[in-house]
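The structures come next, written out as C-alpha cells.
What follows is a pair of complexes built around subunit A, which joins subunit B in one and subunit C in the other.
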Partner chain A sequence: MTQILFPETLDQAVALLARHDEARPIAGGTTLVAMRNAGLVDSSHLVSLDRIPGLRGIERLADGRIRVGAMTRHADTAASDLFTGSLAVVRKAAGMIANKVVRNMGTMGGSVANADPAADYLPALACADAVLSVLGPDGAREIPILTYVQDWYETALEPGEILTAITFPAPEDAPSAYRKIARVSGDYATASCAMALTPDGQGLRVAIGACGPGPIRDVQAEAVLHGHLQDPQAVAEFAAALVAKADPVDDVRGSADYRLALIPRLIASVLSDLISAKEAA
Partner chain B sequence: MAKKALFTLSLNGDQTDVAAAPDATLLETLRDGLGVLSPKRGCNQGVCGACTVLIDGVPVRSCLTLTARCEGHEISTMEGMNTDPVMEVLQRHMVASGGVQCGFCTSGMLMSARNLLAETPRPDREAVKSALSGNLCRCTGYRTIVDAICTAAEELAQ
Partner chain C sequence: MKIAGTFEVDAPQDRVWDKVRDPELMVQCIPGCESIEQIDPMAYRAKVSVKVGPISARFNLVVTVLSEEAPHTVISRTSGEEGTRASVVASDNVLRLEPTATGGTRVSYEADVSMTGRLGKFGLGIFRKKADQLAEVFVGTFRDKLEVAA
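Take a look at the complex of A and B:
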C-alpha cells in the first residue's frame, strides 16, 4: 500500500525521500498514476510536490534567461509568451503533448524526470540548451541537458534528488520549430525534430527525439554545417551524422528502420519551414 | 486488509467525507466510495477521457488524479451540472443530433465541451475537434458529437 506524503518545503521533500528507501517524488501524476493503475508502482511512499510553494510558474530572470519551475503544467508552458524566437520550440512542443486535459495536469519537471524517449520535451530542451536544477541530500547542482539522459529511462538524477527547475538561455531573435511524426494527434512521437536557426540565419541547432534513449544532437556537425544551409549536400551530410548517432527500437509506433528514414526527411522539412519563417520576418 | 484513509472532499458544492485507500485515484473514490458514477473507468491510463471531471473548474483526468491531492479543491462532476444552463443546451443538442449512442464517453465529452465553451464561446469546427481530441468515442464516429457542440454554441450565442 502506497502512502502519499505532502511536504510543504523542498527541504522536507528531500528529507522524506532520504528517509524512505522506496519513496519517489510525484508531480502531475500523468505517468506515475497511470503506472500505478497498471500495477507497475510498488513504492512505499509517493512524495507529492503539489504543496511546495515556488515550484510553479515561468519567469524571465534579470539576465534574460527563462526559468520554468518543475511543477509548471504543459498548458501554462504552451500558453506562455516568454518563449519567443529560439525558445518558441519549447512552447510548441508543450502544446503538442497528449491532449488539452492531460496538459492541464502534466508538468515539465515530471516529464523530464521520467525521461520517456518518445516524449516531447527532451528534444525541445536539447535544442534550446536547457539547464536542469536539482536538489538532493548533497545539496543543489545543475545538469546541462546534453549530459542528462544516460541510457533508456536512465538519467543523471541520483536517487533522492528532485528536479526543481529548468532554465533556458535568453531567447535569441531566430525562428525555431518542433515537429513530430505520430500515429494520431496527441500520441507519443514515432520520431520528432526540434530545430532553431542561429540569429545570423547561417546555422542550426537540431535535436531528434524518439530515435534513441535520449535526444540526439551533434554540436560538431552543426558547426560543420554553419554557412552551408542552402547546400542540399551539406544538409544531407548533417542529417547522416544524426542518423549515425541514432539507436532506435522497433515498437508499435514504427520500426527502427522507419525511424531512421524519417530523420533526414524531418530535418529537411523543418529546415525549409524555418528558412521561410526567417524570410517572412 | 490495508488501512483506509479518510478524505474530506468538496464535491459539487458539498463537503463529503469518504474512506478510501491512501493512494486511491479520484475516479476510484468517486465511483466506489461515493457512488458518483458519471465519470467512467475506460482505459484507466488517461487516454480515453471518459473519466474527465473538473477540479477548480479545470478539466482533468480523475483516473490520473490521486484523491489525497484533491482535499481543499472543488471537484465538479456531471451530477452537479443539473442546473447549469450551458450544460442543459449541450445535453439537448447531444440527444437531438444522435451524439449519444452507448453513452459511455458522454459525460467526459460534455465536460470537455463545457470547458471549451467557457473559454471560447464561438468555436469553429476545428476548435471543437481539437478540444475533443482527448475524448474517445467508439460508436458515433464523432461527427454527430461535433455537430451537437457547434449547434449548441450557436444557440447559446443568440
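Take a look at the complex of A and C:
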C-alpha cells in the first residue's frame, strides 16, 4: 500500500524523501500514476509536491532569464507569452505533449525528472540551453541540461533530490520551432527536432529527441555550421554528425534505422521553415 | 528479442571453458546477479536484479543446460519469474568458444529472450539497450577475472 504525503515546504519534502527509502516525489502524476497502475513502479511513499508554494508559474527574472517552476503545467507553458523568439520552441513543445488532459495535469518538472527519451520537453530544453535547479539533502545545485541525461531513464538527479525550477537564458530575437514525427497526434515522438536560429540568422542550435537516451546536441558541429546554413552540403554534414551520435531503439514507434533516416530530414525541413520565418520577419 | 555478441579473452580455450561452467565465477561477472546455486549437474538456480530507470525487477531464474560439447559449445535454456510481480522471462541461449590465432579464445553468445507480464508493457526497445550494456559489463569483468588470474 502506498502512502501519499503532502509536505507544505520544500525542506519538508526533502526530509520526507530522505526518511523513506522507497519514497518518490510525485508532481502531476501523468506518467508515474500510469506506470504504477501498470505495476511498473512501486513506492512505499509518494511525496506530493502539489501543496508547496513557489513551485508553480513562469516569470521573467530581472536579468531577462525566464524561470519556470517545476510544478508548472504543460498547458500554462504552452499558453505563456514569455517564451518568445529563441524560446518559442519551449512553448511549442509544451503544446504538443500528449493531449489536453495530460497538459492540464502534467508538469515540466515531472516530465524532465522522468526523462522519457521520447518525451517532448528534453529536446526543447537542450536546444534552449536550460539550467535545472535541484534541492536535496546536501543543499541546492544547478545542472546544465546538456549534462543531465546520463543513460536510459537515468539522470544527474541524485536520490532524494527534487527538481525545483528550470531556467532559460533571456530569449533572443530569432525564430525557433519544435517538430515531432509521431504515429498519431498526441503520441510520444518517433523522432523530434527542436531548433532555434542564432540572432544573426547565420547559425542554429538544434537538439534531436527520441533517438537516444537523451536529447542529441552537438555544439561543436553547430559552430562549424555557422555561416553555412544555406549550403545543403554543410547542412548534410551537420546532420550526419548528429546521426553519428544517435543510438535509437527499435520499438513499436519505429525501427532504429527509420529514426536515423528521420534525423537529416527533420533538420533540413525545420531549418528551411526557420530561414523562411527569419526572412519574413 | 535476440541478443548476440562476440568477444575475445586472452586465455586458452580450456581455461575459459572451465570458467564459463563455474557458478562461483559467474556470480561475480553477471551484473545484478546475487546468487547462483547448482541444483543438479545440468541445472542452476540464480537470482538476478535489473534496474531500468524507475523500474526494478528481481528474477528467480533456472538455467538448464540442454547440451554441451566440451570445450566449445553450451546450449541452455533460462526461464524465470519475478516473485510476486508477474513477469515471466525465458531465453534460449547458445554459447560457443573457439581458439584465436594468438592463443586466446573467441566467445560468441546468442540469446533469444521473451518477456511477458508487467515488464513486457514497458517495451522491449529499452530492455535491448540495457541488455547490451549489461553484456558489456559482463565481458569487462569476465575478461579481468580470467586475464588477471591467468
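Quick notes on this structure:
The rule is short, and it goes like this: the second predicted complex is superposed on the first by the 281 of 281 C-alpha atoms of A that agree within 3 Å, B and C clash if a C-alpha of one lies under 4 Å from a C-alpha of the other, contacts with A are read in each partner's own complex, and residues count from 1 in each chain.
Operating definition for what follows: a contact is a pair of C-beta atoms (placed from the backbone, for glycine too) under 8 Å apart; a residue touches a chain by one contact, two chains touch by 3 or more.
Model, not experiment: these values are computed from the prediction.
After superposition onto subunit A, the modelled positions of subunit B and subunit C are compatible, with room for both. Using the contact criterion defined above for the overlaid structures, shared-chain residue A:Arg24 touches subunit C, although it does not reach subunit B.
When the shared chain is aligned, subunit B comes close enough to touch A:Asn37, but subunit C does not. Contacts of A:Met105 after superposition on the shared chain: subunit B is touched, whereas subunit C is not. Across the overlaid complexes, the C-alpha centre of subunit A sees subunit B and subunit C at an angle of 100°, to the nearest 10. In the superposition on chain A, A:Ala236 makes contact with neither subunit B nor subunit C. Of the two partner chains, subunit B is the only one touched by A:Ser48; subunit C is not. In the superposition on chain A, A:Met1 contacts subunit B only, with no contact to subunit C.
In the superposed model, A:Trp152 lies in contact with subunit C only, and not with subunit B. Legend: residue contacts after superposition of the two complexes on their common chain; A:Asp251 is shown touching subunit C, with no touch to subunit B.
Look at A:Leu61: by the touch rule set out above, it reaches neither subunit B nor subunit C.
Per the superposed model, the minimal spacing between any CA atom of subunit B and any CA atom of subunit C is 12 Å. Residues 38 of subunit A lie in contact with subunit B in one complex and with subunit C in the other. Interface residues of subunit C, counted against subunit A in their complex, comprise 52-55, 85-86, 118-119, 121-126, 128-130, 133. Across the complex, subunit C is touched by residues 24, 32, 35, 38-42, 114-115, 117, 151-154, 213, 247, 249-252 of subunit A.
Of all the residues in subunit B, the ones that touch subunit A in their complex are 2-3, 21-23, 25, 44-46, 49, 52, 58-61, 63-66, 68-69, 112, 130-131, 133-134. In the complex of the two chains, the subunit A residues touching subunit B come out as 1-4, 6, 26, 29-30, 33-34, 36-38, 46, 48, 50, 98-102, 104-105, 185-186.
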